[in-house]
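Next up: the structures, one after another.
First subunit A sits with subunit B, and in the next complex the same chain sits with subunit C.
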Partner chain A sequence: MIPGVDGFMYPNEVELQWSVLIVLYPYITGLVAGAFILASLERVFKVEAVRPTYRLALLTALAFLLVAPLPLQLHLGHPERSFEMYLTPHTSSAMAMFGFVYLWYLTVVLLLEIWLEYRAEIVQLAQSTAGPKGWIYRLLTLGSYNISPAARRMDDKVGYAVTVIGIPSAFLLHGYVGFIFGSVKANPWWSTPLMPIVFLFSAMVSGIAAVMVLYVVSMKLRRTPIDMRCLDTIARYLFYTFVIDFTLEMLDLVHRTYESDESFRSLDFMVHTRLWGSQVILQIFLGTLVPLLLLAANQLFRFPEGRRKAMYMTAGALVLVGIFAMRWNVVIGGQLFSKSFLGYTTYKMALGTREGLLPAILLFLLPFAIFLVLVELLPPWQEGKAHEA
Partner chain B sequence: MRRWFRDSAHLIRPALVLMAALVVFLAIRTAIVPKAFGQYGHYRPGALDLVRQHPIAFAGQDACLMCHDDEAKARAAGKHAHVACEACHGPLAQHADDPSAHVPKLPEVANLCRRCHEQDAAKPHNFPQVITAEHSGGAACNDCHKPHNPHL
Partner chain C sequence: MDISRRDLFQIGGKILVLASVGATLEQITGAAPPGEAYRMADHWWGMLIDIEKCIGCGNCVRACSKENNVPQGYFRTWVERYEIEDEAKPPRVESPNGAIDGFPPSTRTDLKSFFVPKLCNHCADSPCVQVCPVGATFVSPDGVVLVDQTYCLGCRYCVQACPYGCRYLHPETNTVDKCTLCYHRITQGLTTACCENCPTGARQLVDFKNPQDPIHEILRTQMVQVLKPYMATRAKVYYENLDGAVR
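And now, the complex of A and B:
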């Protein structure tokens, strides 16, 4: 017997091909899409209360988007060949098409929106900063120093249009990640048309939670009072999105249970054994029900400010862990059972190898480092001008 | 109108940057992608020539039958009729080219037979399979079975 293998596995199923890095890829992409949707709340849906997090959300989205393809690159044997996906894309390759979705989202949506939003500051800083930092700002002005009120109004209009285009683009970006899994028809754990939409809503949940946590932590670090109206509003939208996400996941579960196709018994057994900890305890109980209760309690009762903050932060942190567990259960769970439905394998995560735990941790920390650089370069803090725009 | 142009002129700049990036990309693409790419399918036709340059390893069934008449007849009469010679004997193009210079070794029976006939739940029930450790009491398969026509 092979250690870690129970029952019958086909030879190519014993060792998992997609590692923790492939768990990280949808997780990070989801944070991007979610953060952008939160930003669009202010810009398009005119939820003025979340204005203090608008820029923070955009920078978070950019920091994570820049890192999103890296887990995939590290997974490839020949990362340099991935560029060929752009040179000679095959229309039947879901991953090749994702490359274009990614580039569209990065250049046409996110970079453009950040540029338009920050243009006034960039021009001012370009004129007042010396040294290498000043060069960066002068480069970022793209040679235009026109920040007259009329030019800024024009920026605002175009920025609005970019956000309007950005919302379906963000949906496309993360819905597409779900599609990549949902379209694997050979794998019953993945193959469902609900996958893109479940991924999308869980992305929105994780992204909103990430920006909420980042906002509170940054305010604490800067010793600046937290705008509770903003925090309450974010928590409310997090709750709404989470209810939809939870409903969709339960719909998927009910549908699978009622349909009970030939894979059901095997998958059900897997959930009750190998995935019990990560799926039932971490994802459903700690990562979904507890934060949902915390957020719902705040919709029903009025708690004092300090307790609200603690509840939101607990809920946010649990959501981030829970959504990571969800990605884990999809990616790793989908490879633990045999196509014969008669056996199960184990995922043994290495530590310091190319696809081990250590690179995964470093890759997850990288967006935060980029975020710090971006915040240093383009400060998102807008105290005192919260409702000016 | 002129003011409108003046106040929106800066918007041309990111568009120009994007266009420049696109032009650079297309230039790289034109330079890198082989001219005939896609002629026969989604690949480089030159790859076919590279593949053709690989040394031929397998002689093919017909080459074996030209000389090994007895084995061919025995094999054709038994259950191994559809197993190609080189599936067990290995690639022997060099032997076919010059039989005396390259004398092939006989396959190692202890491992060869069990590759197909070791019992495994995934195999069809009507496929002959045994637990080799228990089946022969340590005797080699070809002590009892003739490999070319494996009846007892």
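And now, the complex of A and C:
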């Protein structure tokens, strides 16, 4: 008997190939895509109420996007060869497109939109700030100091166009991550055409929840009143998106159960044993049903402000844990059963190794550090435009 | 230059001895006969495995491991033992350490029991080749799925994409490793280490482009099957007498 193995695994299957770092990768890109979609609500769909979180959402997306390739890089057996994906991409490989989708999103969408949004302030700060910080602002102006009303109107127009391009790009970024998993026909846990769209909506859910939590925490830290109209609106959109996400996931579940193909018995057993805690308890009950009920209750009843805040924060935090559990269940769950459907293995997570828990925690904390730097450089607060509840 | 009769005998004798030694070395090393270079376009390799002939001795696993320096705990080939008591129930399958030391005697004799040697199926439509982000894994013109160890990133997408569990990350090179169908041997006119060491002839290297290869007659007259045909990978490892329970 091999420790941690029940039944029969093909001998090379006993060891898991994709670790917690690969769990982190779709989680982080999901937060990016979701945060950007929230930002576009204000910019493109003119949902004025979420204006206070517009810049916050953009900076959140950037902070996480800068970290997104790092878990992949750390995971590679030969990280020094990763540039080959840019030089000689294999056109039939879904993974080969990662670099291009990533660079497109980073440079053409996110950096450009943030630069256009902040340009006037960057120019003012470049002219008024001394020392190294001033150099950074002067560098960020890219040599353009024209902030006349006509130039600002042009910024706004281009910014709008970038956001319009950005929405399908955000869909592409995360739908594509779903496709990487959904197109693996050898793995029935992954192989479903629903995977890209489930990934996309769960990304939106996690990104919206992340910005909502970050907004409330930032306001608390800054001792600034929370714009309740904004918070209520974000929570409403979180609810709508979550309902679609939950419906899609249930559709997947019902479809699998009803079809009951060859893999069903094996996968069903896995969900009831090895994935019970992370899938049924964390993802479905605590990470989906409880926050959905909290958010739904706010659509039906009017609670006092303090209670609303607490309910939203609880829902937001649970959503973030639940979506992480969802990524875990997809990535790790997809490797726990044998492709012979006759056995199961166990994921033994190391602590301090290259693909261990410690690097994963550090990589997850890194975007928050980047976020703090970004907020310091490019303050996103717009109290002047906030609405009182 | 005058050559005496004595010299002629001496030189002739030396040529004769050298030629005979040369011929012997050729037979021992299996070096390709001179003047007949290997042409990839003339071959399309695969394998034929007869389940009824496999006795589960593990010779093939040992030979492969030794021939290819396969790291301990990983397998380019392995053998599974299936035991089926009731067709309605899942079979009992085992492959202790890939069967490198064979199998312990079965405790039951009232079961349907057989051995299934496994290796890379060298699929013509390989999912592993499809997903490699840099094309480090490829189908050679003679039909062998290979990995360029100097190019592989070690992302392991191919390991996930292989329906048969034939790939692993080599712990020393940090690149993906798999059966090469003993490419270094078959291009020299030899058979694979596993086939050569099979005492019952259960494994046969086949060349689909060789009209004299017995595979054509077998495919025409016998019941043969590939593993997981629904994966549509155009696997080139064919099995004779394969039970439907095998995955």
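One rule holds in what follows: the second predicted complex is superposed on the first by the 384 of 389 C-alpha atoms of A that agree within 3 Å, B and C clash if a C-alpha of one lies under 4 Å from a C-alpha of the other, contacts with A are read in each partner's own complex, and residues count from 1 in each chain.
We adopt the following convention: a residue touches a chain if its C-beta (ideal position, glycine included) is under 8 Å from a C-beta of that chain, and two chains touch if they have at least 3 such contacts.
In this text the structure is predicted, and so the values were computed from the model without any measurement.
After superposition onto subunit A, partners subunit B and subunit C are found to clash with each other. When the shared chain is aligned, subunit B comes close enough to touch A:N146, but subunit C does not. Residue contacts after overlaying the shared chain place A:S340 against subunit B and subunit C alike. In the superposed model, C is the one of subunit B and subunit C that contacts more residues of subunit A.
In the superposition on chain A, contact of A:R236 is made with neither subunit B nor subunit C. In the overlay built on the shared chain, the residue A:M154 is in contact with subunit B alone; subunit C does not reach it. Looking at the shared chain after the overlay, A:T107 reaches subunit B, while subunit C stays out of its contact range. Touch criterion not met for A:R138: it reaches neither subunit B nor subunit C. Of the two partner chains placed by the overlay, only subunit C lies in contact with A:H75; subunit B stays clear of it.
In the superposition on the C-alpha atoms of chain A, the part of subunit A touched by subunit B in one complex and by subunit C in the other spans residues 8, 10, 88, 90, 340, 342.
Of all residues in subunit B, those touching subunit A in their complex are 3, 6-11, 13-14, 17-18, 21, 25, 28-29, 32-33, 37-38, 42, 121-122. Residue ranges of subunit C in contact with subunit A, taken from their complex: 74-75, 78, 80, 90-95, 97-98, 118, 127, 129-135, 151-157, 159-169, 173-176, 231, 247. Interface of subunit A with subunit C (complex): residues 7-13, 15, 17-18, 72, 75-78, 81-82, 84-85, 88-90, 92-96, 98, 180, 184-187, 334-335, 338-342.
Only residues 8, 10, 86-88, 90, 107-108, 111-112, 115, 119, 142-144, 146, 148, 150-151, 153-155, 158, 340, 342 of subunit A touch subunit B when the two sit together in their complex.
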